[in-house]
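Read from first to last, the chains carry the letters A, B, C and D; within each, the first residue is number 1.
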Amino acid sequence: MRTLPSISLDEAREVIAAGERRAQDIGQPANIAVVDAGGNLVAHARMDGAWIGSIDISINKAYTARAFDIQTRDLADNAQPREQFFGIQVSNQGRVMVFAGGIPLQHDGQVVGGVGVSGGTGEQDQAIAEAAAAAYRPAG
Amino acid sequence: MRTLPSISLDEAREVIAAGERRAQDIGQPANIAVVDAGGNLVAHARMDGAWIGSIDISINKAYTARAFDIQTRDLADNAQPREQFFGIQVSNQGRVMVFAGGIPLQHDGQVVGGVGVSGGTGEQDQAIAEAAAAAYRPAG
Amino acid sequence: MRTLPSISLDEAREVIAAGERRAQDIGQPANIAVVDAGGNLVAHARMDGAWIGSIDISINKAYTARAFDIQTRDLADNAQPREQFFGIQVSNQGRVMVFAGGIPLQHDGQVVGGVGVSGGTGEQDQAIAEAAAAAYRPAG
Amino acid sequence: MRTLPSISLDEAREVIAAGERRAQDIGQPANIAVVDAGGNLVAHARMDGAWIGSIDISINKAYTARAFDIQTRDLADNAQPREQFFGIQVSNQGRVMVFAGGIPLQHDGQVVGGVGVSGGTGEQDQAIAEAAAAAYRPAG
């Protein structure tokens, strides 16, 4: 028997709302997605005007952050030519995103899900994802 | 020049919220998704306990409702063996859902998006989708 | 905060071992797979001589049983022409298997994973899956 | 007439067990997969806590090791920009993994299958795969 601590819809919405506030401050509409401990989507929002090509990317950044318990920005470093995970982005049917914007959601040192942001530059996506992840407050 | 009347994130959230209320009344957690006039995802929510296999289905019921400007329940009739659209569900990379739960969102006779629900029986999904679609109020 | 009760590798192996014993009694080699609460593969075994086309099917029967918290045999009934889930098998990138051999694994009324069997007739697969599922004993 | 010397399920399990022991020594849970002479999965195990994104990668490292009769670590050298197999990782529907952790299983100079490991750094995966491959003892 194992138990996987995971994230509720209410919590996911708070994460997304915090990301949206940051995106508005920056002035860059974004897609923001949250997955649970199993890597499965809990909630997604595309802010008005955000790229449609980023829907998939936001969901898959969130997936990647949970699938490897790593920030996608850090995975990016390892996925470069001659680095240890070069080529990882073709695995998992193209769901592995190797650029900034995906962050694991943690509680008491355990990864309970992931948030993914896509819509602007790597720096913008990362900033929004950080604000979103920082707002994660496990209830109950 | 064409303009596509479409749906905003705020409006999509009201649609989803209405669906959630109905799902709670029914006692059946569901996935609820909204796409815009381009058939692209605006927002998705998976209620706690809803099937993970229904994430994809809810998004694609919403897509289907907009892709063909039809309720997926009605498309189902046409997709049966010997009917005129038999086999349509393998088109579009498996994104066409031919069972109840997807409804176009309309304004002034124009389809501006779609809502898709998956999580229970066909009847439950349809009831939740109807409640969601009925809550669509184009702002401003 | 949600917690998902799930299945350990040791438990998955006991489930598979029980399935193998049943398969040997029947004289029909099979693929047997177990997924966790998130629908992700925990363990798979292909008995010597079992079909290679059934690798994917066993894994996806296990996935389907968890993705919809239902036996794939029962989903089959609902996926027939004119039934409420006709066409569901094209969703989720072809991972939904709508014939017998996939069974949810439950503990205290909660689905904690799924087992999938493929290699023989539907009846054989079902019998092996039932023996496998019956052997599930949550430890600790 | 050709005969393909291949690997049995029992042998595959010994390979995986040896990999698990090494992974436990290292303190890094991993996914370990074995394919046969046809490149088809024989057995897979995900140790408790191992990455879910590594399920697919372990299976495909094993596939790659057999598909090209080469260690994936060596294939990596050839898959870098300006090297002779640059781009090979998008072939075979994304199943070709070009980083360390996949090793062919050999008997009397013939490749009879492959083992793939994913869950840690490239060095860890390689060490676990080496321990797994070294345990391969063809029976009978």
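Following the convention adopted for this analysis, contacts are C-beta pairs under 8 Å (C-beta built on N, C-alpha and C of every residue); 3 or more make two chains touch, one makes a residue touch a chain.
Keep in mind that what you see is a predicted model, and the values were worked out from it rather than measured.
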*Option in A-B, A-D or A-C whose residue-number contact pairs overlap B-C by over half*: A-D
*asked:* Counting only Cα atoms for the centres, state how far subunit A is from subunit D in Å.
replied: 29
*Please compute the C-alpha centroid of subunit C, do the same for subunit D, then give the distance between them in whole Å.*
25
*Interface hub residues of subunit A, defined as touching at least two other chains*: 2, 8, 38-40, 93
*If each chain is a dot and touching chains are joined, what shape do you get: line, ring, star, complete or other?*
other
*Quick one: in the complex, what on subunit A touches subunit B?*
8-9, 13, 38, 40-48, 52, 55
*Spell out the residues on subunit A that touch subunit D in their complex, using ranges where they run on.*
2, 38-39, 63-64, 66-69, 81-82, 84-88, 90-94, 96
*subunit C-touching residues of subunit B, taken from the complex the two chains share*: 48, 51-54, 56-57, 60, 76, 79-81, 89-90, 94, 96-100, 121-123
*Under the touch definition given earlier, write down the residues of subunit C that touch subunit A in their complex.*
1-8, 11, 36-40, 93, 107, 112, 138-140
